[in-house]
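Same chain, two partners: chain A is paired with chain B first, then with chain C.
And then the complex of A and B:
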């Protein structure tokens, strides 16, 4: 009875509220303010600039490249992180031997930091001292420049997509373990083929897991930073910029905190908008 | 039993009191080579103090090993002092030092002592928060320490008449070239634009990259080409239309295959590696590379030769004291330990150890043995130049500087003209 009184819930909730207010709400509020300001060099002073940063953003061709790249990443992530990891999970779930081995191997990349993975791939792509060109020359082929304006986005996305396949693979495995065995047994008696089993039983019964993974994948695409930054730094010719890498460039290389804040606001808006739309669309189905 | 418990408790309390008294005792061990003026001693130092220091002596930086030795020696000689080395590398595509310092400033948590860039653009940023000490008073209180500094560099880093920074290691930039490679192929040394252009085909045919440079971070390239293009006449006329010629000259070299094939993504570390391993004949870089190159007797450095229609060349050079020591007011008011450490670091003995690696000194100290051909050519370069100026990044706005350097990729690919890039940078300055 006493626990239900307002005094107690306030005491229990206040530490979390304090942390959220200090580390989330206050910085968010400041970002909103800075996005409408001319704030450079991390100075303590800033001046109100109205919509100037947003107007600049509308005319900035790099923003369009970043949005296009985010779109490419979402498509790749949905195909590989959701589609491929689901396929892997179904295959591994059906094997009788080495189940734990496969689960560990596929999950392993997720425990490596994005920076380390980025560095590993960056070293592989190098022209003069890179691993790929080492193999080319080993087989008598000419060395080639791997990271070009046309290829940079795809080469940067390979490790990004690869790293998280294992994460969603484990989520799908957990989902598969929740499907009652008697459903499969009944289907087996009806003579169902393995493909029919996957399409007509497993995937429909994993619907909730699929929805969660899809939302996580899409919202996660707007947070990609470390791996891409290490491999290409958004270049060459800004061809592999994402909103996150471009925001970093504006804030910590160009020292234009106002414009970087406006880009951050765009990231927040798009992230929230797509997540809400996706949830509504998938829930409606 | 109760008496025994009471005795142990009393003993514990006595120990705690004794420990707390001991922790308030002043430091007993002096710093080596300290020139601290005892008459102007600030607040008494606690026995244990952690001093946060950030420098660029990290990663592949040539001075990093000396720096580690020096601070370790200081901590050994001063047992109560812990130097928290927060140094960040500046070489490479990304300058981590700038990022760290800016992030610390934004969080209002700057390092106590900092070796950072000088110049109005940086000073304006750093002094905006009123966190850094004006050394004028500290220098006047310790004439012996003040007399150790050379006056020209000391005055050159002042900002609005105040001494927020103390100059340390000077630098120079220029065109490094491997004389041995040019001699081997019977090519004239790259002392003129024509010689450079005429050597490109022969170098490429022999599998040697003519000019090692990154277009992902073309800062040294752009700096030196602008100096070669405009010389004294327009170097301080920031983003003047005459600067466009320098960017066009870079584009011309690119179109003639002067740069590495992966110049668009090449890192600064790889640029140095290409040149030092003899895979590239020329490189535009600075005095921080001298230590790793001077063992090769074929290495030389000259000012970037005059670009087509230019006014610079051997009559001008980029040199200066682009970095210096900053100290926070908070560290100064906390105790005298940070200033004591700074005096140790700026003593002639320590300075000489850094200069033995490369660069020029802002402090009077024993000159290192400069007998290598590379160091001799550097001395000739600086003595020949009638106009010497520091780098542009310390003179113009960060965003404008980045826009100009970032625009080089677009110019060489024909996606923007040099005038468009200069105009864009000018609008951001």
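And then the complex of A and C:
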């Protein structure tokens, strides 16, 4: 490198590092402290409470619901965002026409905010004007109430899963375009069927992309917020709560900063665990 | 893609493939179309048939949005552009400078800083939101200004933008710097005359990524901004169902009009948006 000035290095890097220290590192440390504290209503003072918040979390049935909901979301996300997206990418890669059209249209929902999508689906689930009840009446059925404690999690996860199919589709499509054509040509001379081709050539060649996407999909399932918040707010009766929405409720509706921080710690722990362990496990195979 | 030899298929197979692909395309377009056509209808008309085209092109719902007394939509749009615009500018400047230091000034500390930035990517915004809320509400110069949303959002984006930009700046040949230093150029000049202009493509990608993330960011703006008059559109959208009660036509119009800026951006700069949103997604 042409420049070896530690003075300039500091000058150039300090502003960014200052903000990172104040709004990222310091708050992370604070969250750890708060999680071991009794701290309510955002008061100036807080008292050390040991593991009280963590003990409460272990006994909290809503935390169990939130983890179960994340599990359900992960299953659907893996099926649609990894499996179905890959299928779409392989099919689009194989067609001769409309390649750009499909890519444009599939990616489109990613650009829209989770808030707008959430509101859009909330309206579709409405009793009187909803899109779903419109189709029911079209086929001569009775209108029904869609969001109930039993169904809420599924109705909340439909838009979450649907929105990101196009995102992984584009990543897979990019991965596919990097597979050299002669690999396929050799296989075609041997007369393989398209399904054999997908399983024996395409998927092994996409290994790294598949691993990255799986890690992204699973860790993403613990970060969903906007869409669920808009459609159900975690309800009814906490039935569609995720760790994120529950943490928000604890912090900014119940004003229990200590307990909310403990939930945030659980989210950090799960995120790190998934990214590190899942990646290792998938790579090792 | 055109270079790749396509397998010749039988016609029925090809039709089946397109049918499936087209079916998924319908699911992504239909909800949006439904919102669009209903934004021109009164509640009564919507109740009769929400899938039919509107009987007339009536902008009444949009007028309702404009005239709403507590939170005017034009004002919240202005807020959004002030906040997201500042976040983009701030993130570009700070991460551009930091990336220049990390990639083009020799220092032993650089590799530790980079590891720290990668580790920070793992921290979700939920992990910092409570302490940051306390910080922004206690700093008197920030209280009740746009800064309460802008500064934490810039900080939240920095790790990722620095990593992307540093990677890009490393690909610029170092001989250019060496030649310039021979001619007596100093570090600030190298930054402004060489690193910044040559990194324009990555700056563009990063801008789009940060702008879209900021424009759509519900959580941070909802928590940090307490004054109604400063709130951006996505927060307004989250409150719209309470404000309009059962005026579903106005809600449809609100959804459509908030999506419009990003839809335009996507139409005008599709390749850039694709790149911006998927940048770094498959790294490592």
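As a working rule, the second predicted complex is superposed on the first by the 261 of 285 C-alpha atoms of A that agree within 3 Å, B and C clash if a C-alpha of one lies under 4 Å from a C-alpha of the other, contacts with A are read in each partner's own complex, and residues count from 1 in each chain.
FYI, a residue touches a chain if its C-beta (ideal position, glycine included) is under 8 Å from a C-beta of that chain, and two chains touch if they have at least 3 such contacts.
Since this is a predicted model, take the numbers as computed values, not measurements.
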Side-by-side fit of chain B and chain C on chain A, or clash: clash
Partner chain(s) touched by A:170 [first = chain B, second = chain C, both, neither]: second
Contacts of A:40 with chain B and chain C, given as first, second, both or neither: first
Partner chain in contact with A:145 - chain B first, chain C second, else both or neither: first
Which of chain B and chain C A:129 touches, first, second, both or neither: both
Which of chain B and chain C A:236 touches, first, second, both or neither: first
First, second, both or neither for A:16, with chain B first and chain C second: second
Chain B versus chain C as contact partner of A:252, first or second or both or neither: both
When both partners are placed on the shared chain, which of chain B and chain C touches more of chain A: C
Which superposed partner A:105 touches (first chain B, second chain C, both, neither): second
Clash-bearing segment of chain C relative to chain B, given 23-31, 113-121 or 221-229: 221-229
Interface residues of chain A shared between complexes with chain B and chain C: 42, 126, 128-129, 252
Residue ranges of chain B in contact with chain A within the complex: 93-94, 98-99, 102-103, 105-106, 124-125, 128-129, 215-216, 260-262, 264-266, 270, 273-274, 279, 397-399, 402-403, 409-410, 413, 415
Parts of chain C lying in touch with chain A, wherever the complex brings them together: 1, 3-7, 9, 14, 17-18, 20-21, 24-25, 27-29, 31-32, 34-35, 43, 46-47, 49-51, 94-95, 97-98, 100-102, 104-107, 109-110, 113, 117, 120, 122-124, 126-135, 137, 151-152, 154-156, 158-159, 162, 174, 177-178, 180-181, 186-188, 190-191, 212, 215-216, 218-219, 223, 234, 237-238, 240-241, 248, 251-252, 254-255, 258-259, 262-263, 265-266, 270, 273-274, 277-278, 281-284
Chain A - residues contacting chain B, complex: 40-45, 126-129, 145, 147-149, 232-233, 235-237, 252-256
For the chain A and chain C complex, residues of the former touching the latter: 1-6, 8-10, 12-13, 15-17, 19-20, 22-28, 30-31, 34, 42, 88, 91-99, 101-116, 119-124, 126, 128-131, 134, 162, 165-167, 170-171, 174-175, 177, 181, 184-185, 188, 194, 208-209, 212-213, 216, 222-223, 225-226, 229-230, 243-244, 247-248, 251-252, 257, 260-261, 264-265, 267-268, 271-272, 275
